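Both of the next two complexes hold chain A, though its partner changes from chain B to chain C.
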Partner chain A sequence: MAINQEAAQPLPSTRQRKKKWMTRNDWMGYAFSAPLIIGVLAFAIYPMFAALYMSFHQTNGTSLTGKWVGTNNYSYALSDPIFWQAIKNTIYMGVFSVILGIGFSFILASLINSLKWNLGKNFFKAVYFLPNVVSGVATSLLFSFLFFPSKEGLINFLFDLFGLQPVGWFTNPAVSRFSIVIMSLWGALGYNTIIFLAGLQSVPRDLHEAAEVDGANAFRRWLHITIPYLRPIFVFMLIMGTIGGMKRFTDVWLIGGTAGNPGGSLMTVVLYIYRNAFLAGQMGLATATSYLLFIIIMLLTMALMLLNRRKDSLD
Partner chain B sequence: MAQAVSPSVPVRRKRWSTSQIVLFLVLILGSFVMIVPFLWMLVTSFDWAARLTITFPPKLWPEEPTLKTYQIAFTNIKMMRYISNSAVVSAGVIIVSALSALLSGYALSKIRFKGANIVLLLALSTMMIPFEMTMIPQYLLFAKLGLINSYWAFYLPALNYAFGTFLAKAFFDQLPTPLREAAVIDGASEIKVFSRVYLPLCTPIIATMIILLFLGVWNDMLWPLLVLKSSVKYTIQIGLAMFTYDNGINKQPSIIMAATAFSLIPVVVVYLFLQRYIIESIALSGIKQ
Partner chain C sequence: MKKAMLILLSCLLAITLAACGGGDSTDVTDGKAVGKVSDIKGTVRVALAGWKLENGIDALTGNPTIGLKEFLSQTFEKMYPNIKLELYEIPWENVKAKQSAMLLSKDVDVLYTGGAFASQWYQEGLLRELDDLIKGDSSFKKDIYLSGLFDSSYSTKSPDGTKQFGIPAVLGRRLTVFDTKLFQDWGVEPLTEKPTPQEIMEKAKKMTGKNPKTGEQNYGLYWSGNSLNGSTFVALTLAFGAKGAEGKLNDMKNVKWKLNTPEMVKVMEYLKEAAKLAPAGFVNAQGAENFGLAKNNIAIGLDQTGGATMSEWRSKKDKALLDRFEPRMNMGPKGEGWVAVDPFIMAKDAKDPKAAWEVLKFLSGYETQKFMYKNYSYTPTLKSPDFLDENDKFIKMALKVAEVGHSELMDEANPFYMSDIVPAVNGFISKAASGNAPDIQTFLNDLQARAEKWSASLK
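== the complex of A and B ==
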């Protein structure tokens, strides 16, 4: 009996050498982790604090140090109408791309998932995902032509066929933000769809079967079983989409330039940071803005996480 | 007339219900929306008539088919240079990041040293820091080191691949620990245990990391925009972006589309061959995150 108990003890994985501060094992662990630790310290922790330091200083161009100006950089950004415009634009594009993106991709994933033909399933997965491997640069260049403001552009040509007036997709400040949303929907639809599909396959069969016995049709089962069951995935996508949306840069920079044309409607927060840091040499203002962006992202993320906290009858 | 081609419906099988056929048609229609931009890009890229401005009406076949547009794209935009630069940068980043992630993932999972949890927590929490916040100090750091316009500005930050560490640790956690204990008792060095015993079992997670890193590095634009100043060093995205940025967007459709189409070849080829794998990696990375 006693022997059995001894054998059941887990083998000591680290050879305990009487209370040494660091064993050979510990040294090995740090040696193996050294690349990661150096990388994290030098390219995440250090720049994070350096940015905080810089945000309270007035720097001239390329140096890390400068005159202490207190919270001036923050108050400058917060009183700059362009900053607020950037916030407004970023949130506008973010909200629409996240909500439409999640809605469309969830419907699409549900459709693909209910296809009973496996080859077809894989084919559609592959096709809808394809734009996702295309870079932001390529997508923007392509859509700058598809969204050509006169009827030569493909989309306006189609509008013309239906007797609609051509739209200045990227030239009219009233619609340009929504054009960006459409463009990013095309690019990102497949990504969310793939993740939803993986989620849909994890919904337990017996839940559906039980509901079917109770007389629920496919649509009601989708509404009352599938959707609540996938809530963590919805929350995950809301969070990832929001974070991504708040960092929008490549497409608006390429299409609208550093002024966020047309009419400043494509000015985003990161574009504002980029412009102040690398065109105006206002590193202090730019880092202060980046901290404001970080705070906004953190607050939004925490607010969205609360959605997952709420318990409902299914849990 | 242009886009009204009706998709050919495959042979109906008896067991197909009406709803399945409707579903199939809806999905085909949607696929069309996904694919048409690519088709337009290809058609335009081969159309000499669209070299200066976009032609009307949109074509299903180039009006004046030509390969000259690609030739011009190669001479004016130096596509070959940019593509090979991108290949070099991608390879370097993949090697550095994957190695850093595998080594640290192994240490955190199998060596279980003093402070391992703190290291893991620290690394994971830095994943929440937006790159946009750290990019300015990082830029200034590389400027101070004199590494602006050098690919070291890509290789060094590649050490910080916390997500890869996380993936690798989760993978090593599934591999049996007694393998290491047996080997250590036999007197094998830690690095030998790692490389001879565990690494050969890691192919799936290495493949996942390579795919995710390749797509990320190949398509990245913001960091190259900051650190690459001379056009001989440009990666493909920044080369393409700078050419249009200087020439004005919306100009020279067939040249730009030829260059864009060419820039997509590597990712699309990789996608076609590893499509299943990529989709799995994305689903995995999405769920893990």
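== the complex of A and C ==
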């Protein structure tokens, strides 16, 4: 009988449900998450809008307001040959760092994953991850001595043993960008390898077993099962690598100084922004360039996301 | 077994405590009694770029050093017992951004910083002028400072030269230093007291190649090819009379740029020629690691400090290196070069200006400069620093260079100079070093056009 009475009662209206939804507990929930929301608003959202506002002004950064200059800062940067040189250098170093970084770390992860001995797996994981905990400053210093342009440098010393001429790793504009790529490979290899290892361990064993029954050898299984299965991870690595590559600053600044020496070959977009913001005191121009960089990164990321839209047969 | 472990651990603990305890030689007053000077009250927040606050060890000499906190506890805190100090140690790396943030958020009262940053902050209205505080304090003697640094440096004076915003605390050393041994090996006459760029080039050319006595590769010349402030370029502009720009630092939009003049062409031609005489790494500030030491292979170093030689002297008390490396004046007509001055400055919105002034005055004064020289070899900005090591010929020469120093628009206080001219010149040098120097007149015309466009963008 009681059941029937309850069933006879009308359902609460949407408005009533909304009222119920904002209970005291809900308010408590919002109160607890408020510090995070306020933090995001204050330290992420506000600076983004403030920078956008600043990019239309001529200001040294001491205040948001300055002389309104419209899109002058944007046109100044876009007509500046140094900006375009910086874009070119950044993309060159970014593309090679990402492609080689992903390629090497995936091969390395596959090799480590194929080890039967767990202790060996952990050993190699630790060894390859170690450079990742070294700061960019220390890495740059280390490589500036490894890549010393004469026989006093370790690499050129080894070259000399084989009768090869010393290479101006960081002094010859023709090779300096690639030297930076090698240096960043060393630093990022461990992190990328760990991510790929996690992905490799998630590939279902039964797929491999089925292919094995069909007569596929280890290489074909790796090529046709493992690699397609890890496509989301590849895309993730590509996107993160591209974003990181476009924001390159510390290493090129420490090695090439504000000129991006040698010959401006290590001049990157963020170094260009730094020069304008903190050396020239032109925060308006610097923020405008930051937004140009933001647009470039966004377009690249969107292009990479589009690449991943194809429905994978393994999904 | 347990007993053995206990004994071992006790020994380790005793050794550690003994090592951490240090000696009792931390007296910074030379035995003099320090008494109360004033009852003035207040809290002063001080941000110090690169200063060491805690006691430690000098990484180069291994000698113990006394931290600023210890020094202040024995001196300032006894003199001004009611002033509470809050000290912040700021690393030099990216210091401008960090100290700018402190100034903007009004979290600091007194700062020690780079001269160029101070000048820019002053122009941005972030600093307090000190003229009223100086005028109202009879105990402050400005005559103790080198007048060129106190009265006419962009690091301490307003661009029009009428207002004082900083007190010079530390002087940068930029000397021409040469290796007498290499000069002897090559049979070249030592540098004269004020060597001109031409004399330096002529002698450096003679000493580039295989050393006739040792057979080692020698380099005639060295300077930092990616210097942040382009100090060698500044010295050359002074030597060749290339002004680079005419106008006022606080009116950059109306500055008349003179970057493609015949004098500037001479400067660039000199750099192009000099780039052939330096070790390859100089474009990235490498290659002079042994300059000032026994294994040196560079004959002449431009804009050097003599720091490595003095560190060796302080740690080993061996005069061989001190006798081998000789300082000379810089390349300007009077022996001048670019003179870096790091000042103490006060934030515009200092909470308690009177207390902050006492702190600023003390930290830039004689006692602190003496303490910083003895512990960290900081170069004083005083006319008569009677505390210098009598063997420190490098600092004595640096003071002579500072005496004839003057600020021009080719200076790190000039934002376009820092953001564009220095990087462009450094880029030119690196291309010249690899044998691909661009056409000088075209390069300078481009730089001139860029400078004019930059000034126009400020209008």
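We take it that the second predicted complex is superposed on the first by the 287 of 315 C-alpha atoms of A that agree within 3 Å, B and C clash if a C-alpha of one lies under 4 Å from a C-alpha of the other, contacts with A are read in each partner's own complex, and residues count from 1 in each chain.
Methods note: a contact is a pair of C-beta atoms (placed from the backbone, for glycine too) under 8 Å apart; a residue touches a chain by one contact, two chains touch by 3 or more.
This is a predicted model, so every value here is computed, not measured.
A.B. asks: Is this a clash or a fit when chain B and chain C both end up on chain A?
C.D. replies: Aligned on chain A, chain C clashes with chain B.
A.B. asks: So, does A:G264 touch the first partner chain B, the second partner chain C, both, or neither?
C.D. replies: Second partner only, chain C.
A.B. asks: If you tally the residues of chain A touched by each partner, is the higher count for chain B or for chain C?
C.D. replies: Partner touching more chain A residues in the overlay: B.
A.B. asks: Just checking: does A:N72 make contact with chain B only, chain C only, both, or neither of them? Give me first, second, both or neither.
C.D. replies: A:N72 sits against chain C, while chain B stays out of touch.
A.B. asks: Would you sort A:Q282 into first (chain B), second (chain C), both or neither based on which partner it touches?
C.D. replies: Second partner only.
A.B. asks: Return first, second, both or neither, reflecting whether A:Q58 touches chain B, chain C, both chains, or no partner chain.
C.D. replies: Touch partner of A:Q58: chain C, not chain B.
A.B. asks: Quick check for you: in the superposed arrangement, does A:I255 touch first (chain B), second (chain C), both or neither?
C.D. replies: Once the two structures are laid over each other on A, A:I255 reaches both partners.
A.B. asks: Scan A:G244 for contacts with chain B and chain C and give back first, second, both or neither.
C.D. replies: neither
A.B. asks: May I ask you to decide whether A:S144 touches chain B, chain C, both, or neither, giving the answer as first, second, both or neither?
C.D. replies: both
A.B. asks: Per the contact definition in the header, classify A:N172: touching chain B only (first), chain C only (second), both, or neither.
C.D. replies: The answer is second: A:N172 touches chain C but not chain B.
A.B. asks: Please state which segment of chain C collides with chain B in the superposed model; the candidates are 7-15, 79-87 or 97-105.
C.D. replies: So the stretch of chain C that bumps into chain B is 97-105.
A.B. asks: Identify the residues of chain A that lie in both the chain B contact region and the chain C contact region.
C.D. replies: Comparing the two interfaces on chain A, one with chain B and one with chain C, the shared residues are 62, 137, 144, 148, 255, 257, 278.
A.B. asks: Inside the complex, what are the residues of chain C that reach chain A?
C.D. replies: Contacts found on chain C: 93-94, 96-97, 100, 104, 120, 124-126, 225-228, 279-281, 283-287, 415-416, 418-420, 422-427, 430-431, 433-434, 436, 453-454, 457-458.
A.B. asks: What part of chain A is in contact with chain C in the complex they form?
C.D. replies: So the residues of chain A in touch with chain C come to 58, 60-62, 72, 76, 137, 144, 148-150, 168, 170-173, 255-264, 267, 275-276, 278-282, 285.
A.B. asks: Considering the complex alone, what residue numbers of chain A touch chain B?
C.D. replies: 11, 13-14, 22-23, 25-33, 35-40, 42-48, 50-51, 54, 62-64, 108, 111-112, 114-117, 120, 122, 124-138, 141-146, 148, 151-154, 157-158, 186, 189-191, 194-195, 197-199, 236, 240, 243, 247, 249-250, 254-255, 257, 270, 273-274, 277-278, 283, 286-287, 290-291, 293-294, 297-298, 301
A.B. asks: Give every residue of chain B touching chain A within the complex, in rising order.
C.D. replies: 2-3, 20, 23-24, 26-27, 30-31, 33-38, 40-41, 44, 53-58, 96, 99-101, 103-104, 106-108, 111-116, 119, 122-123, 126, 128-141, 143-144, 156-162, 165, 177-178, 181, 190, 194, 215, 218-219, 221-222, 226, 237, 240-241, 244-245, 249-250, 253, 256-257, 260, 263-264, 267-268, 270-271, 275-276, 278-279, 282-283, 286-287, 289
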